[in-house]
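You will see two complexes here that share chain A, one where it goes with chain B and one where it goes with chain C.
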Partner chain A sequence: MSLQRLAPWFGFLFGLALSCLLALFFNESPLHVLKIVTTSFLNSKFDFGLTLFYTTCFIFSGLAFSIPLRAGLFHIGAEGQLTISAVVAAVLGSILPTHNWFGILIIFVITALTGMLSALIIALFKYYRKAHEVVVAIMLNFIFAAISTWLTINHFQNPNSQNPETAMIADQFQIFKSDPLKIYFDQSPISLFFIVAVAICIFLYWLEPKILYFQVIKSYGANRQANQRFGFSEIKILATVMLLAGFFSAFIGLTEVMGNTYQYKLGFSPAYGFLGIAVALLARQHFLGLIASSFLVAILHKGASDLDLETQFLTRDFSQVLQALIIFSVAASYFFFSRKKIKVESEVTK
Partner chain B sequence: MRKNQIFRYFAVCFFSFGISSTVFAAIKIGLVLDKGGKDDKSFNTSAYEGAKKAEKELGIELKYVEATDHNSLETLHRNFAQKKYDLIIGIGFAQTDAIKKVSALFPETQFAIVDGEVSAKNVRSLLFEEHEGSFLMGSAAAMKSKTEVIGFIGGMDIPLIRRFQKGYDAGAKHVNPKVMIIHNYIGVTGEAWNNPAKAKEMAFSQIGQKADVIFHAAGASGAGLFDAAAEKKIFAIGVDSNQNWIKPGVVLTSMLKRVDVAVFETIKSVTEKKFQSGIMRFGLKNSGVDWALDANNEKLWSSAEKQKMTEIKKQIISGKISVPDYYKTK
Partner chain C sequence: MMESVFILLLLSTFRLSLPLILASIGGYFSEKSGVAQIGLEAFLLVGAFSAATATYLSHSLLVGYMAAVLASLFFAQIFCLLVLKLKANSIVVGTGLNLLAIGLIPLMSKSIFDSTGSTPALIDINTTALLPIIVLAVVVLGSLYVSEKTLWGLQIKFAGEKQEALLAVGVSPAIRQWQAISFGALITGLGGAILSTYLASAYSPLMSAGRGYIALAAIIFAGWDLRKTILISLFFGFCEAIQIQAQSNSLIAAQIPAEFIQMTPYLMTLLALLFFRTKQQAPKELK
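Right after this comes the complex of A and B.
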C-alpha cells in the first residue's frame, strides 16, 4: 500500500492530536481528553452497542455519498432522503394491517423505493435542466424536511404524546426488538441492520471489479466528454448512482424506525447525511475502508458527546470544534500528498 | 511568566486524573439540557439559572450537559445514574423516553423531567400550564392594542406552541371580541427556534397588516421580533424567561414559565430528603406561570390596566374563566 493511500489517516491522527492539544487552553489535560474521546465507547455494553448503531448509520450514509462520487457527483442529499424514508417507514408501520409477515416486506420495499425516487429527482434535474446536484440537493433536503414535519404533525401525530413524533409502529412489526444483537448489547439502539451494513460493504467490494458498469461510471466521473464519446447514456449513469445512493439513505431511515425507536421523531438524525461525507472521504470511497472509517467516526461522535459529562470546562461545542479540526486535517492531507504527485508528473512531462 | 504558564499546563496534564476521582460528599445533581443549550435566553437558560441558584444556596454539586442528538440523551442519563448522582433532571419533552427507560433501570436514583410526563416511583414530572399564561398575554395584547389587530409568532408548528396560540387567542377574545389575530409560524424544521431574521420579516409583515402588539413563542428567534418592534415602535411580548430587559419600553411584558423555580424547588426537596414522585403542575395558581412586571416595563402600564390584569388572573385561578387547552381539545 502506497503512502498516499494512507494520507487521510495521517490527517486524521494529526487532527486528533491538534484538537487534544487545544484542550490545554481550557486547563484540561490533553491525555484525559484523548482518553475520553477514544475509549468512552468501552464503558459498557450499552455504549458499545450505541457506537455500533452510529457505525451502521455512517456506513449507509458513507455509501450514499461515495457511490455518486464515483460518477463525479457531490451528493449531499442523503439527509433529506433519510428523513422522508423514516417517515414513510413509520407511517406504513402504523397503518398497515398486521396479520401477516407480508407487511414487513411492504414496509421495506416502499421505504427503499421512497429513498430511491427522492434521490432520482437530483439525477433528473442534473440531466434535463443541467442544474448542479449540490444546489438541487440542498433545496430537496429542506423540502423533504418540511413534508416530513407536515405529515407528522398534521396527519400521523402520536395520539399518546404531545411530542412531535409519529405513532409507534405495530407490535408485530417490531421484529428487531428481540434480535440477538440488541439483546446482547443490553437493549441499546443497535440492531441486525449493523450486520446488513457490513455485509453490503463486503459484497460491493467483491462485486466492484466484476461488474463492467462500475468502470463506466468511474470513467464518467473521470472524464465526462470522453465517456460521452464512447456513447454511454448519461442519464442511465446518473440514474444508477442516484438510485443506489437513495437506496442506502433509505436504510438509515429503516435502521432508525425498524431497529431503534419504532417511530419517527422529528430531528432524529444528528446530520448523518453530512457526517457521511467525512466518513467517505476518510475511506477514499473504498468499500472496506468505509467500515473502518465509520467505526472511527462513530467512536468520535460518541466520545465527543461524553466530553461534556466527563470534563469540567469542555462543552458540547468543543466536540464540534474537535470534529471540524479532524475533517479539515483530512482534507488538508489530500493536498499535501497529492501536491508531490503533481510535481512528479509535471517533471516527467518535461 | 510564560514558563510559569507552560508549567501550569503540564501540571494540569498530569494531575487531572487525580482530581477527577476525588470524592465529594455533597449532594450531586445532574442536569441534562435540551438541544438549544444553556444560552438560549429562554427555556434552557431558565432551567440552568434555577440549578445555579441551588448550587449557590444549597451547596450542591452541579454538573450540566447538553445533548447532541436523541440517542445520546439516554447515554447521558445512564452515565449520571451510574456515577451515583442523587437527582437527575431532564429539561424538555424530548427526554421523556430516555427517562422512562433509565429510571426503570436505576430505581435508587431520583429523576425529574420538565415538560414531560413519566409515571414511575422515582420520577417527578414538572408540567406547566402554558395556556393559562398565554391567555393572560392575549388579554394584555388586546388591552394595549389601538388598531384591534394583534400578532402571534410561533417557532415550530408543534402541539406545544399550538397550546400557546390557543390560549393567546382565547385571552384576546376575552378582552375584546372584535380583535383580529394574525398567526405565523417561523418554520417546519428545528431551525425555526434559531432564525431571528425570519422572525423579523414576519413581524414586519404583521405590522404591515396593522398589528401593534406581537407575542412570540419562538425561543431564540424572538430576538428578531424585538428588533422589528423597536424599529416600528410597536409592542412585543416575550416568552419563557423575563425578557423585559432586552428592549425596555418595547417589550410590553413577558410570559414567565418558571422552570427555574420548578428546578430549584425539586433540588431543594432532595436536599431536605422530601423528594416526592408524581406529577407537579405549575400554573398561575402557584406562580409557575406568570406575567413579568419590573422596572423595565412598569411605565407602560397604568394602574387601571394593572388592576384588570390581576382581575383576569384571579378569575382564571378561581376557575371563573376556563382557558381552552390544546392538549385536551384540538
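Right after this comes the complex of A and C.
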C-alpha cells in the first residue's frame, strides 16, 4: 500500500497528537487525556455498546457524504435530512393506528422517503438552477431544523415532559428494545441497525466494481464534460447520489428513534451530518474503510464525552476540538504526501 | 401606539442588523476573492467570546474590540494556512473551523471563569451604542471604498474571477486571497464583539445562533454585490426584529410561529436561487 493511500491515517494520528498536546494549555496531562479518549469505550459493556451506536450513526453519515463525493458533490446537508427524518419517524410511530409489522414497514418507508426527497431538492437546485450544493444544503439544514422544532413543540410535544421532544412511539413499534445486541450490551443505545450499517458497507463494497453505473458516477465526478460527451444524463446521476445520501441520512434518524430513545428529542444529533465529513475523508470514501474510520471517530467521541468526569478542566466539548483538528490534519495530509510524490517523480525524470 | 411599535421595530432592526452586516461584509471579501467561506460562524463566536472576556478583564470596550480582531485574525490564519498553503478544501476547513470554535470556547471559559461556556456579565462597563455605530460606519464606508475604488479591491475581484489576469501583472492571487480572508475575518470578528458587548452584556454559548450562515445567505441572495449584501442583511435583521416583536405579542405569535420567521432568510435565499440565476453572478473561481 502506497504512503499516499495512508495519508489520511497519518493525518488522523497527527490530529490526535495535536489535540492531546492542546490539553497542556488547560493544565491537563496529554497522556492522561489520550488514555481517556482512546480507552474509555472499554470501561463496560454499556460503554462499548454506546460506542457502537455512535459507529452506526457515523457509518450512515459517512455514506451520506462519500457517495455524493464520488460525483464531485460536497454534501453537507445530512444534518437537516436526519433531523426531519427523525421527526417523521417519531410522529408516525406515535400516531399510526396499525400497531403491527405493516405499521413498522410504513414508518421505515416513509422515513426513508422523507430523507431521500429532502436530499433530492439539492440535486434539483444543482441541475436546474446551477446553485452550489453547499449553499442549498446549508439553507435546507436550517429550514428542516425550524420545521422539526415547530412540529415537535406545537403539534407533537410529549405531554409528560417539559423538554422539547415528541411523544414516545407506540410500544409495539419499539421492537429494537429487546434485540439481541441491546440485551448483550446492557441496554445501551446500540441496536441491530449496527449490523445493517456494516452489512450495507460490505454490500456496497462488493457491488461497486460490478455495477457500471457506479463507474459512471465516478467519471462524472472526475470529468463532467467527458461524461456528458458520452451521453450520460447529468440529472440522473445527481438524483441517484442525492437520493442515496438522503436514504442513509434517514437511517440515522431511524437508528435514533426506533433503536435508541423511541422518540425525537430536539438537538439529539451531536452534528452527525458534519462529522460524516471526517469519517469519509479518513476512509478515502472506501466502503470498508468507512467501518473502521467510523469506529475510530466513535471511540474518540465517546472518550471525549467522559472528560467531564475524568479531568478537572476539560469537558465533553473537547470532542469538537478533537474532531476539528482531525478534519484539519486529514484534509491537509493529502498535500504533504502528494507533494512528496511529485518531488520523487521529478527526481526520477531528471 | 402604532407609531411607537414602528419606531421600536426600526431601532430593533438596526441593532440586530449590526453583527449581520459586519459578518456579511466579512464573508463578501473572502467569497469575492474566490474562497468559499462557511466559517463566518467561527469568526463571530471567537470575536464575541474574546471581546466579552477582554472587556471584562480590562474594563475597556476598546480592548475588547481589539481582542476580537486579534482572535478572529488568528482563526483566519488557520483557515488560510490550510486552504491556501496546504490546498485543503475550503468547505471542509470551514466546517472544521466552526467545530473548533464551538468546542474551544467552552474549554476556555471553563479554565478562565470556571463556567460552562459563558463569560461573567459586563456590569460596570459603559456599553453605549457609540462605538458600534462608529465601527459600523467605518466598516461600511471603508469596505465600499476599498472594494469599489481601490486597486486592491479590483485585484481581490480578479483573484475570484480570473487569476491569470492577476498573474500577468505580477500579483499573486494566493496573497490577495490571504489578505481578503484575513480582512473579512477581522470585520466579522468585530461583528462578534458587537454581539456580546452591545446586543448582550456577556458571552453566552452559541450566541451567534446561525448568524454566520444568515450572512452567507445574504451574500448569495445579493448575487455577490456589496451594496445589495448590506441592504439584504438589514432586511434579515428586520426579520429577526419582527420575530422578537411577535414573541412579545401573543396575537401575532399565535398567527405566525416563531420558527417560520426564523427560517425566512434561508427560505428567501432558496427562492432567490430558484427565481434568479445567481450562479452567473458568483465569482468564477469560487471554490
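Some notes on this structure:
Simple rule for what comes next: the second predicted complex is superposed on the first by the 334 of 350 C-alpha atoms of A that agree within 3 Å, B and C clash if a C-alpha of one lies under 4 Å from a C-alpha of the other, contacts with A are read in each partner's own complex, and residues count from 1 in each chain.
Going forward, a contact is a pair of C-beta atoms (placed from the backbone, for glycine too) under 8 Å apart; a residue touches a chain by one contact, two chains touch by 3 or more.
Owing to the predicted nature of the structure, the values given are computational and were not obtained by experimental measurement.
Partners chain B and chain C clash in the overlay (superposition on chain A). In the superposition on chain A, A:L309 makes contact with chain B only, not with chain C. In the superposition on chain A, A:D179 makes contact with neither chain B nor chain C.
Of the two partner chains placed around the shared chain by superposition, neither chain B nor chain C is touched by A:E208.
Contacts of A:S319 after superposition on the shared chain: both chain B and chain C are touched.
Once chain A of one complex is fitted onto chain A of the other, the partner contacts of A:E234 are absent, as it touches neither chain B nor chain C. Applying the stated contact rule after C-alpha superposition, one finds that A:N27 touches each of chain B and chain C.
In the superposition on chain A, A:A146 makes contact with both chain B and chain C. With chain A used to align the two structures, chain C clashes with chain B at 203-211, while the other stretches in 113-121, 167-175, 203-211 or 275-283 stay clear. In the superposition on the C-alpha atoms of chain A, the part of chain A touched by chain B in one complex and by chain C in the other spans residues 27, 142, 146, 149-150, 153, 315, 319.
Those residues of chain C whose C-beta lies close enough to touch chain A in the complex are 36, 38, 78, 82, 86-89, 91-93, 95-97, 99-100, 102-107, 110-111, 116-117, 210, 213, 216-217, 220, 257, 259-260, 262-263, 266-267, 269-270, 273-274, 277-279, 282, 286. Chain A meets chain C in the complex at residues 25-27, 74, 76, 125, 129-132, 134-136, 138-140, 142-143, 146-147, 149-150, 153-154, 271, 274, 277, 281, 313-315, 317-325, 327-328, 331-332, 334-336.
Remark: chain B residues 9, 12-17, 20, 35, 37, 63, 65-72, 75-76, 78-80, 82, 93-94, 96-97, 156-160, 188-190, 327 touch chain A in the complex. Note for the complex: chain A touches chain B at residues 24, 27-32, 43-44, 46-47, 50, 53-54, 142, 145-146, 149-150, 153, 157, 161-164, 189, 260-261, 265-270, 301-302, 304-306, 308-310, 315-316, 319.
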